[in-house]
Each structure stands twice: as structure tokens, then as C-alpha cells.
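After the C-alpha cells below, expect a handful of questions from me.
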Amino acid sequence: MIVRLISGDTPRSPILTALLVLILTCLAGAPFIFEGVRALDTAARICIFILLVASYDLLLGYTGIVSFAHTMFFGIGAYGVALASTHMGRGFDALLVGSVSGALAAIVLALLIGLFSLRVRAIFFAMITLAVASAVAVLVSQFSNITGGEDGLTYKIPRVLTSANRMGEVMGVKFTGKILNYYLIFVCSLVLFLTLLRIVNSPFGRVLQAIRENDFRAEAIGYRVVWYRTAATCLSAATAALAGSLFAIWLRYVGPDTTLSFEIMLDILLMVVIGGMGTMYGAVLGAVLFVLAQTYLQNLMGAASHATEALPLIPELVDPDRWLMWLGILFVLSVYFFPTGIVGRLRRQRAT
Amino acid sequence: MTQILLETDALTVRFGGHVAVDAVTCKFPAGELTAIVGPNGAGKTTYFNLISGQIAASAGTVTLKGQDITRLGVAERCRRGLGRAFQLTNLFPNLSVLENLRLVIQARKHQGFGLFTMADSHTELTAEASGILERVRLDTQKDQLVSELSHGDQRKLEVAMLIGLDPLVYMFDEPTAGMSVDEAPVILDLIAEIKADTSRTVLLVEHKLDVIRTLADRIIVLHNGALAADGPPAEVMASAVVQEAYMGKELDHV
Amino acid sequence: MSAAPDHRPTFADVSLAERLDKAMPFLLIPILVVLGFFAIGAPSSWLTLTVSGLAMGMMIFIMASGLTLVFGLMDVINFGHGAFVSVGAFVGVSVLIAFGDWTGATSLLLNMSAVFLAVVAAMTVTGALGWVFERVIVKPVYGAHLKQILVTVGGLIVIEQLIHVIWGPDEIFINRPEMLKGAITFAGAAMEKYRLLAVGVGAVLFIVMRMILRRTKIGLIVRAGVENGPMVEALGYRLRMVFVGVFIAGSALAGLGGVMWGLYQEVITAGMGERMMVLVFIVAIIGGLGSVEGAFIGALLVGLLQNYVAFLEPKLALVSNIALMTAILMWRPQGMLPVVKAK
Amino acid sequence: EIRIAHVYGKTGPFEAYAAQSHNGLKLGLEYATGGTMEINGEKIVIIEKDTQLKPDIGRAQLEEAYGDDDAHIAVGPVSSGVALAMLPVAEEYERVLIVEPAVADSITGANWNPYIFRTGRNSSQDAIANAVALGGENVTIATLAQDYAFGRDGVVAFKEALEGTGATLAHEEYVPTDTTDFTAAAERIFNAMGEVEGEKKLFIIWAGGGNPMSKINAMEPSRFGVEIATGGNILAALKAYKELPGMEGATYYYYEIPQNPVNDWLVKTHFERFDSPPDFFTAGGMASGIAIVEAIKKAGGAEDTDALIAAMEGLTWETPKGAMTFRPEDHQAMQSMYHFRTELQDGKDYGVPVLVREIGMDEMKIPVRNQ
Amino acid sequence: MSDPILTLKNVYTDIAQYHILQGVDLEVPRGEVTMLLGRNGVGKTTTLKTIMGQWTAKSGEILYNGQEMKRLPVSARARAGIGFVPEDMGIFSDLTVEENMLLGASSGPLDPKRKEWLLGAFPALGTFWNSEAGNLSGGQKQMLSIARAMAEDRELYLIDEPTKGLAPAIIATMANALRELKAQGRSILLVEQNFSVARALGDSAVVMDDGSVIWTGAMAELAENKDLQENLMGLSMEAH
């Protein structure tokens, strides 16, 4: 049963299995296991990023397409919900309409971009998506009467999903709409993640892998590579858009910086690479690690700089204000230490 | 008269000014093995590329079973029955041997767009793939990654994939190149077996004359892109053009 | 010795259209300038826009030249290039501030000496930084684009943060040397003096780079080394040294670009180089990887087009670069004058 | 104890502004409590939160400040985008958020809620002050602004305010935010202004990087009789004003302009502590610090948010910029602005803004837009 | 004859965790063609790569002109006068034929006389002098690889299966070119599957099996003796 649920794609490493179970448990019980708004926010963010990174892995790890436009699709989903909620008023219908139309818009755009990949080389395609994504970000800030420009959009979601909705106590924790909202996100992410897992283990997924390995030969044995690439791009875009919708529901705010920026694109890239490309489970580990680091690194550094106060130079380097520098170092080191990602490393360990 | 499976009519390609294949007109009937010989750079591989669609023709047509396929893409031609093995091995290196072959059979059965079934639940593909691997004696290595295979085994897989595709037209480009004396016979036997099927046709590019002598029903000679000779092996091998342009003087007499 | 039997392949004539197609990239700029003239109408505006567009193109070229070596030839996607531009600007500006007397004097000689010193200092520092960068960050990831992106972005962040540590978080304003302020007016058109300097520097750089790459085997060694490093070594070349050298040269050129750009902007921030990266990549791509001529033409096209479009329809200025890149890649998928084929 | 959370972009592109704002806040609290850092015997605790200049993080940090750290009042942030994302959190947690120094009109406009106060100036105040400073009979003005909400709103407010002054607006030019070459924009402006008679001014509204002023100046607008004008800025940016002696405009703060005891203390203390004059955002930070202390004193404690709001509405308090008042309708602090002219002074490597005239808060009709 | 130009003594080479060469001993006499023979996968290519330095010898001695080379980097060995034609040809496919040849002459410009000589042997290269090497036919690439190694005068040439993919006529001219090199006093270590080429060119022969040398002697002796061939290489080479 469980094996069918994960489409026969077992983790193939005891440590990895343990980690995944741990993560799943923590996320499933987050409101009850951890205290405070920060923790819940982090858990929600992790769920959403797992989904987002997994959808990118479908593109990068399985199909071998390097695209920098992934945040664009994420943003489209987020703006879909935001715009629907602004214009239709708060309500579940707005969330639904927003998510669906966001996903559809993402598919249409992905189709256009996918067709573009017909003509240009992989690395140029990457650069084109980079340029397109930055152009979209600029356009969003330009059409400020629709999108709220740089300032973004703030809107309301159904009251049932906000902390104003108090539903009594469960296991000593005040069960509010916010927790309900969290579970909405958790369940949606889980279902979509399992769907992605099924897709990469389907006959279609195998063709994608073949294309990644050798697109020339894939074409020569009768697969129309462009169609598959386009289909993968569309699927991945639609999933990213849905992740964006969830993010919008959680945050109740969208803006170019939170959904469209190149920085997020790089974060996604890093999560895929740290986790392990082409493994799906890598997305889980990468997202968990990175979001945790992003959230708590600064606090950690604060503590470290406090502890090293007496020493020369060191407190300055671990000053919380320099956390970006350590993030940069993290970028470099993670590529060194996990050339095949954490999942690759764990699986190899078992093999030898 | 047997059916003409493949036909090229005045097939030409130019690279800049260089005419690499020059108006080659040729018919390939079913049940025959045609060897294509010619000096280096004569256009043999390019001729294959034109037939299988890897490069676009500047002029002329390719006809498969009476249908003009000149404007079709590589994948489409393959789906209609043109199968090709490559001069340099050209596989999916980080997938297993079995998976390589399953992909081929899956392609033939048009199952690539199955999104929500599990690939491993398609046992009929696995069964057929295993059968073919046994025929080329690769069944013991079927779970190994292709990149871990030895050169000779990769060549065998190359042939196995063409068999899995089960095309109407088989095209081999120097299948035994770099293969040692004890490995080559396995491949040659397989080719002979395919040739025995009268609904198929085989095209073979080779430089080794003894291979050609044993297998070919007919030889065509390409020279500077053009068709220089076409006929039964003995006749073609004896012709002055082939002697002079292709074989040169026998090594031992230099 | 006995010659092999000679096979003369058949050669047909190359048509005029094909020959014209080859020369086309070089004709684009004159064509654009003429089109601009008719679209703009007012000759003085057209002259101003054309000269300043060309000058802007030159400055972009200076920044892109290093990338043409590192990205185009060596096939390394180096986002750190942006950080080198910034470092170059900060070092150069620090020198200029230190030589405030020289830059403040109304003597062209003193002014230019100060600028020259700033350029030398900036190129030395960024070159050295490039050396460290290559050894520590880039060396393990040759040939792996994705990892290059990640590690060089990591490097970019670290260098930008170090700029904050060393020079503080404030943006630094700098005034140009006295003699480079203001403009020369000619036929109703104003041409900034500084831009004329940029034209000179860009042109000299272009010629020198072209000569070095034409006359020496360095370009060949790098291109061959990217494709098959062990073979290049087996032919007797010390590939590592060549790679390191080229990387240092590319970084030093980024430093030069930084000084030029900083003096143009008259305000420098740690993120200034990063912001130019997309544009610089666009130039390297539309020019064709590894091609100095291509990058040169590409940069001038970008500069001119930006100015013309911004004058005619400011709203479109935003997308003019991307439209240009898309159009050129549709026309020539490998860029205008590719020396290296994109993978 | 009284917990005050400063939620601001400590790291990221506006690091410099953030530091100023934070120093200002601390100095303000110190000044208003007479150095004790206690109000009615309760200790003030400052909690710092870094938004990293990202709206989603800002929002999470504010939630954490209110929810986990139980802060009574929050102050910040630098960026308008981040501020807008934070506004609903204040409403949800029913705690006061003092916005400083983000400027977007909509913070105290369309997106306002009763828990929001702003000590910083808003875009309208800037625009209107500049209109008052620049406008006059027989004056023709062209504007150059960034093509996004901040720029366009600024021009709209400026245009409205200009109507009363007798000046005419001849041309509006918008360029993309990341523009580095202003030749085309300048040519368009010169073409539009060339024929016009009388006094001609080009008003530049620009935020963040890029430096259109000196670039356009290098194209010698004087050929067409056009003078450049712009608002005030941080000290570092005033270097660019050196090229433009005599230029006029309106500014929010320059440390030598306001003459009052609070500013005297600020300048003196700042020189002592940091060996530099207080800057643009230091003054604002200090104003918010003093406002907090005054409000808590008036409300008799920080626990009861409703009381705090009631105390703050209409509150008038002393700041480095003189008296400010939170107007009850939208909680925007009304304050003076300064009409300046740049001068070159010995020993200063920047164009010094010298006071021409203080524009009092009554002189500027700042629209209320939160209905 | 003087001392051998190249001597391998008890060389061991590992690739990853596999032990490939297990004590190779061989000598290349100065001014002679030495054939390196053996079935597929016995380690011939690995031996050449170990000499060139592309694989590192774990132990043993590699003496070139009497000097130990084991510690030298690849490029230094090449500069010491070793030319190399690898099994996979190592063509720089993005470069033109001309540029490939220029790189072949690593210590200076391409000598016009030498160029003429090589184009005489391989006229196809002259025809496609300015074309991209990647577009050449399989056999033409092989010719380029050989010509590139000879673009400059080297003392010792290591050549790995140069005849694969070549048409018979070209094989003959290539053999001639190698003979001319030998006549100029150059030494050659040649790996070859085509026995008639081996017989026509070889002075001495070294036969490998399973990572070590199992027979060394005169080529003529091996060519005469069919039983010996069958013993050493599994099959009589004449048969194929």
C-alpha cells in the first residue's frame, strides 16, 4: 500500500528512510509538536518549498532542462490567488478560481517557452528564461494598478482559515483557523508531491530520463522529444503555480520580492542540488535543510557571536548582520560536499 | 517481384558548397542485405543520416513503402519503420541495460505518455526486453548501468535496441568496428538472422571486406557522394573503380 | 612517398545570399543607425543619441569582454563577474579619492594619470581575486554549469558582503575628474567627454584583445581544453596555467569595466556589478560565445537600440534588450559570430 | 517591562538606512526617558528583527515579535513593500505598528488599519513640499521619475500640489527603474522644454541607485535654460549635489537646518557616539522613539492597545524636526519640511542644503486617503 | 643499437578500484616500430595512457631516455618528445582542421614542409582544411588524429589503433607515413588489431594478456608462427 502510494520509488537507504519518516511526522504534527508562530510558519514554508523544489526537480533533475523561469510560475500562481481574492472578495471560491486560473496561465506560458526550446541550445535557453523572468518581474512592478507594483497585494482569505477562527483546544493547543490553514497546505503539498512522484515513476517519467541522458537517441527511437519536453515544462509549471497559490493562501500577501525574485530562483536551485537532483526525495531534504538554515542561521550566528565576544575578529565575522556571507559560503560548501546531493550520498553509502 | 521497402530518389545534401551526397537514386527491396562501401568521406554515414532524418536533404526524396517521408522528423520516421544503429555507441549511459531496451519497446508500443501508471507494472515490456537480451547474450548484465559495460557489450546492446525497435528497414553503421575477433561473430550471426526475414531489408556500412563477402546480397559503392557502382558482390568487388579508389594497392606489396 | 588516391569531392558555388548572410552581423550597426535617423527625424537628437549609444555600448563591451573570455571561451558561467566589476569600482574609486588633488586639478594629464592608476590598481586587485576565485571556487566545477552557477553565486554573495565589511554599507558617491566633466557640443548635439573617453578605451581594448586572440594559440588552447582537456595536455600544453591565466585576465577586465562604469555612474554600490550581469550575458550570447567581434557588435547594438527605443517609445525600452536577444537567436541560434558552439 | 520590536531590513541593499534608523530609535528612547530607558519604572526592552528586506520574512518576523516575543509596539521597516505586507499582522494581533521610514502613501491610505501609525513622511508630503518650494508664477516644470508606483504617485501628488502655485507642468517623463543611460530621456525633455518661455525647471523624483541628476547635468541643460531640481537625500548622496550649486528643492531633514533643543541634543550626541552627523533616517528613527515614550506615558502603560491608540491619536510631541502631530484620521504624523538651496562650503565634500524657508505643517494640505 | 628509448619495468596501474595493469615490462628500441598486441580489454590502451601519464602508475618504473617519468605531468612528457594518437582520436570537434593541426605543433608554428608532407599522405585533410573537424567523416577524423600527432617532430610516437574506420587505400598510405618516420630515426609504439598492418610494419612485438606482457620477440617470428599466435591471442589472426 505505502509502496504503491510512493509509486514503488523506495528511498533505498535506511538513513534516508528514517529522515523522511521523521520529516513527515514533524510536518504532520507541527502545530502540536512545536511552539510558536515562527515554527508553524517555518513548517508551512517547508511544505510549500518541498512542492516547489520537487516541481523544479521534474524539470531539472529528470528532464535535464535548466530554466530560471520557475519562480515566474510560482509567482503566477500566487498572483492568481491574490487577484482573485482582491476582486472576488474573501472566500473559498476566490481561492479555487485563483489557483486554477493561475495554473492554467502557467501552462499557457510554459507552452510558449517550451516551444522556444525547439530552437535554442540548452545554455541559451537557460539565459533566455533568465531574461524573460526578469522582464516579467519588471512588468509586474510596471502594471502597478493591477499587481500592486513593487508593493505587492495584501488581501483577505476566508475567515475560517485565520487565527480569528478559534475552534477550541486540541491536546492543549488552541486549535485556530491558522492551524486549519496549515493543514490545508500540508495536505495539498503532500498530495501533489505524491502525484509528482508517480509521474516520475511512470512510463512518461522514464522517457524524460531518457531524454536527459541522450535526447538525440531518444528522438531516434521514436520519441518526439519536443513534445515530452514541453509536457514536462507544463506539468512542472502548473505544479509550481499551485505551490505559489498555497504560498499566497498562507501569507495573505504577494509581491515581486516574495514570489518572483531571482534570489528565490537561486534558493530553489540550491535546494535541488543539496538534496540531490533527479531523486524527488532530494527536494524534501534540500527544502527542509535550506528553509531551516534560512530561518535560524541568523539566530544561531547571534548566539555564536555572543559566545565568542571575547575573541578578536571572530565575533565580527559571525555577526548576525553578516549572515548573507555565510549563506554564500554555504552555497559553495554544499556543492563541494554533496556533489551528488545528500540523497546520492546516502544511497551510495549503502552500496559500498 | 519483391516489394520495394525503401527508395531514395536523387537524394542530395550540400554543406555550404560541398556536395556530400550527390543525387543518389537507389531502391532497397525486402529480404535483401545491401552493403554500402566507399572511401572515407564518401558520404556513407551522411546517406544514412539523410534516410533516417538526422539531417535534412537539400534535394531529392526518401520513400518508405511508397510514402514520401522526406519532410518528416526523426521520431516520425522511426515510428514508420526506419531503424538505425549508430557508428559510435549512442545509448542512455546512466540507465540500466534493461531500462534502455524497455524504453525502445515502450516507444514502439506508443506508451510514452502514460502519466499515472507505474512504469514497473508494465511487465509485458520487461518480458520482451529480457527475451531480446538473451538472444544477444546480455541477460546476465541486464541490471548493470550501461556506463559500466565494456565496449563490446555496449555494441551488442546497440544491436539489441535495433532489434527491440523491430523496424522494416535495419541500418547498421560499422557494427563490428573496434570489436575483437571473438565478439564479432555473435553480431554477424544476428544480422544474418534478420536478413532471413523476408519482410525486412538491411543496409550495412562496413570497411571489412570479409564481412561484406559473407553477408552481402548486393553492394553499392559511394564515391565523392555519388553512386559509383551497384550490383552483386563479386562483380562490384572486381570493378576497376572499386579497386582503384577504395582498396588502393594491397598493403603487402608496398 | 606514394600519395593516397586523391578524392576530389564535388564543390558547388556558394550563392551570393549565403555570402551576404556571413557579412550580415557587421552590417547591422550601420543599418540600425540609418533606420534610427529616419525614425527620429531631428538630426541633433539623432546625433546625440547615436554617439551616446555607441559610447554606452563601448562601456558594456568593456564589462562584457572579460565574460567573453570566461563564459564564451572557457564555458564557465561566472556570476562572480558581477562582483569583480563592483570590486574594481570600489578599488578604483578609493584610489581616485586618495588622489583627490590630481582629479580635482584642471590638468588633463594629472586627471588621466589618476584614472590610469585607478585602473591599474583595480585590475591588479580583481586579477588577484580572480586567481583566488579560480583556485578555490571554480576549479572543482569546470564543465558543470549548474554547479558553476551555484558556487559562483555563492562567491558573488561573499565578495559583496566583504565589500560591505571593508568599505561599509553606504553607497559611495564620486565626482569625475575635472577635465572629464561636462560635454562637448557639436551641431546642436551634446557629447559627454567621459563617453568619448569610454569610446577610446573600448576601441583600444577591442583591438588588443583581437590581436592577442588572433596571433597566439591561447584562444585555441582554451577552446580545445574545454572540449578535451587531457588531449590538450597530451599535446604538451600546460592547460591549467592557461586556464588560470585566462580567468585572471577575464577578472582583471571586469575590474577595468568596474572603474569605467563606476566613473560613469558616479555612485558605486556593492550590487552594481550584479545588476549589470543579465545585460552582460545578453551581449556575450547575441555576439556568439567566445567572439570578441561578436561581443563588440552586440554591445554596440544594445547601446544604440536602448537609446533609440527609449527616445521613441520609453515604455518599450524595458524589453528592447530581450527582444533583441530573442530576434537574434531566432535568426542565428548560436549568436551572430560564434567561435564556440553552445552546448 | 515594555517590549519594543524594531523590525527592519538590517541586511540587504538598504543596510545603511537601517542602521541610521535603528540608531535614531535608540537615541529617541534614551532622550525621551532622560537616559533611564524606563517609563514609569518599567524597563524598555528592544527586540531586533531582520526583515532581510523581504516582505514575507518581514511579515513572519513581525508575527514572531507580536506572537512569540509578545512585543507591545513594533517599529519599522525601511521598505514600503515590506511595510505593506506587515500591516495586516498588526491588525490581526491588535498591536500598534509605527511605520518608519517607509514612505508609500497607501500605508496610511488604502491599506491602512487603526493599528498603524507613521512617524516618517509620506510621498505626498515630499511631493507637496517640493511643489511649494519650486512652484511660482511663470514657472514651467518637467518631471523625470521612475516608471513604477512610487514615481507615478509622486508625480501625481506633485502635479496636484502645483496647481495652486501658478506653475505649469509641461512634460512628464518616466523611465525604467534600472535605467543607466538618461540621454534619451533628457533629449525628450529638452525637446519638450526648448521652446517654452520663462523659468524652466526639471524636477527629478528618484529613489535608490542610479544617478540621473549629474548625468543629465553633464548634458548641459543650461543650453536650453533648464534648471535641475530635486528633493533632499542622505549625506552620501549629497555629493552628487556638488555639481549643482544653487539648486533648489524641499528636504525632509538635514542636520544643520532645524533649530530646536531636540536636534541640538541629537547632533551633539551623534557626533560624540559615532563621530559623524546624524543623517536623514536618524532623525526619523528618533522621532519614533520619542513618540513611543510619550504615548506610553500618556496612556499609562503599554499593555492596553486601545488606550495606546487613543493616546496617540492627536498626540503632539517634540522631535529633531520640531513638533509633530499624529492626525487622528489616518495616523500620519504631520510635520514641517524644508525648502533648501545647495551651496558649496569649505570642508564639506558635498553640496550643502541651506534653509530657504521652513514649510510648516499647516502649509501643506496632505490629503487623507484611507477611506 | 643504442639503449632503448622507452623502458617499462614492472608497472602496475589501477583504475578506480580495479587493478588493470599488473606488472608490465616492455622496451621500445630506438628507431624501431614496436607492436603492442593482444585481445580486447587486456590493457593495451591502459599501457599507452600510463606512459603518457593520463593514468598514474601505482608502482614500477617508466624510463624515457633513461629518465624516470612517473612523476612528470602529462604536458611535460609530451614536451619531452612523445606524440600520442589516442584510441578515441581526441579530435577537437569545434576547431577547424587547421586549428587542430596548429595545436599539434605545440612548440612553435606549423612547419610548411611538414604540412605538405602530411597533406600528401592524407589529402582529405587539405580539402577540408578550413572546415570544422567535428563534421569530418569517421575515417577523416582518424586521419586528422594521426596527422596532428605528427605535426611536429617527436622522438617517440604512441599510436592506438590508427586503422579502425579507415578504408584499405588509406591504411596503405598511413603505413607508408609511419615507415618514413622510422626512416628518420623516430621510434613508434603501435597498438593494432589489423594483423596485416602489424606484420608489414612491426620490427618487434609485445603481446599482452590480462594486464601483463606474456610474450616479447621479433615481429617476423610471431607472423610466421600460427601456433604461437593462437596460443597468445586465442585465434590465429590470419583467419580474420
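A few notes on this one:
Chains: A, B, C, D and E, in written order; residue numbering restarts at 1 for each.
Quick note on the criterion: contacts are C-beta pairs under 8 Å (C-beta built on N, C-alpha and C of every residue); 3 or more make two chains touch, one makes a residue touch a chain.
According to UniProt, the chain labels map to these proteins: B = Arginine transport ATP-binding protein ArtM.
Keep in mind that what you see is a predicted model, and the values were worked out from it rather than measured.
Note on connectivity: the fewest chain-to-chain touch steps from subunit B to subunit D number 2. Touching subunit B and subunit C at once are the following chains: A, E.
The set of chains touching subunit C and also touching subunit D is given as A. Chain centres here are Cα averages; for subunit A and subunit D they lie 36 Å apart.
Between the CA-based centres of subunit A and subunit B the separation comes to 45 Å, rounded to the whole angstrom. Mean C-alpha position of subunit A lies 53 Å from that of subunit E. Across the assembly, subunit B contributes residues 18, 39, 41-42, 245, 248, 254 that each touch 2 or more other chains.
Residue positions of subunit C touching 2 or more other chains: 2, 4-5, 7-9, 318, 341.
Annotation for subunit E: residues 124, 169-170, 172-173, 176 touch two or more other chains. The touching residues of subunit D, counted against subunit C in their complex, run 13, 15-16, 19, 147, 173-176, 178-181, 183-185, 187-188, 191, 209-211, 214-215, 218-220, 223, 236-240, 242-243, 350. Remark: subunit C residues 42, 45, 48-49, 52-53, 56, 164, 168-175, 181-183, 185, 190, 192, 194, 264-267, 269, 271-272, 275, 303, 306-311, 314-315, 317-318 touch subunit D in the complex.
Listed in rising order, the residues of subunit C touching subunit E in the complex are 1-9, 217, 220-221, 223-224, 227-228, 230-239, 340-341.
By the touch criterion stated above, subunit E contacts subunit B in their complex at residues 39-41, 124, 131, 135-140, 142-143, 161, 164-173, 175-176, 193, 196-197, 200, 234-235, 237, 239-240. On the subunit A side of its complex with subunit C, the touching residues are 60, 66, 119-124, 126-128, 130-132, 134-135, 138-139, 142, 266, 269-270, 273, 277, 316, 322, 324-325, 327-332, 334-336, 339.
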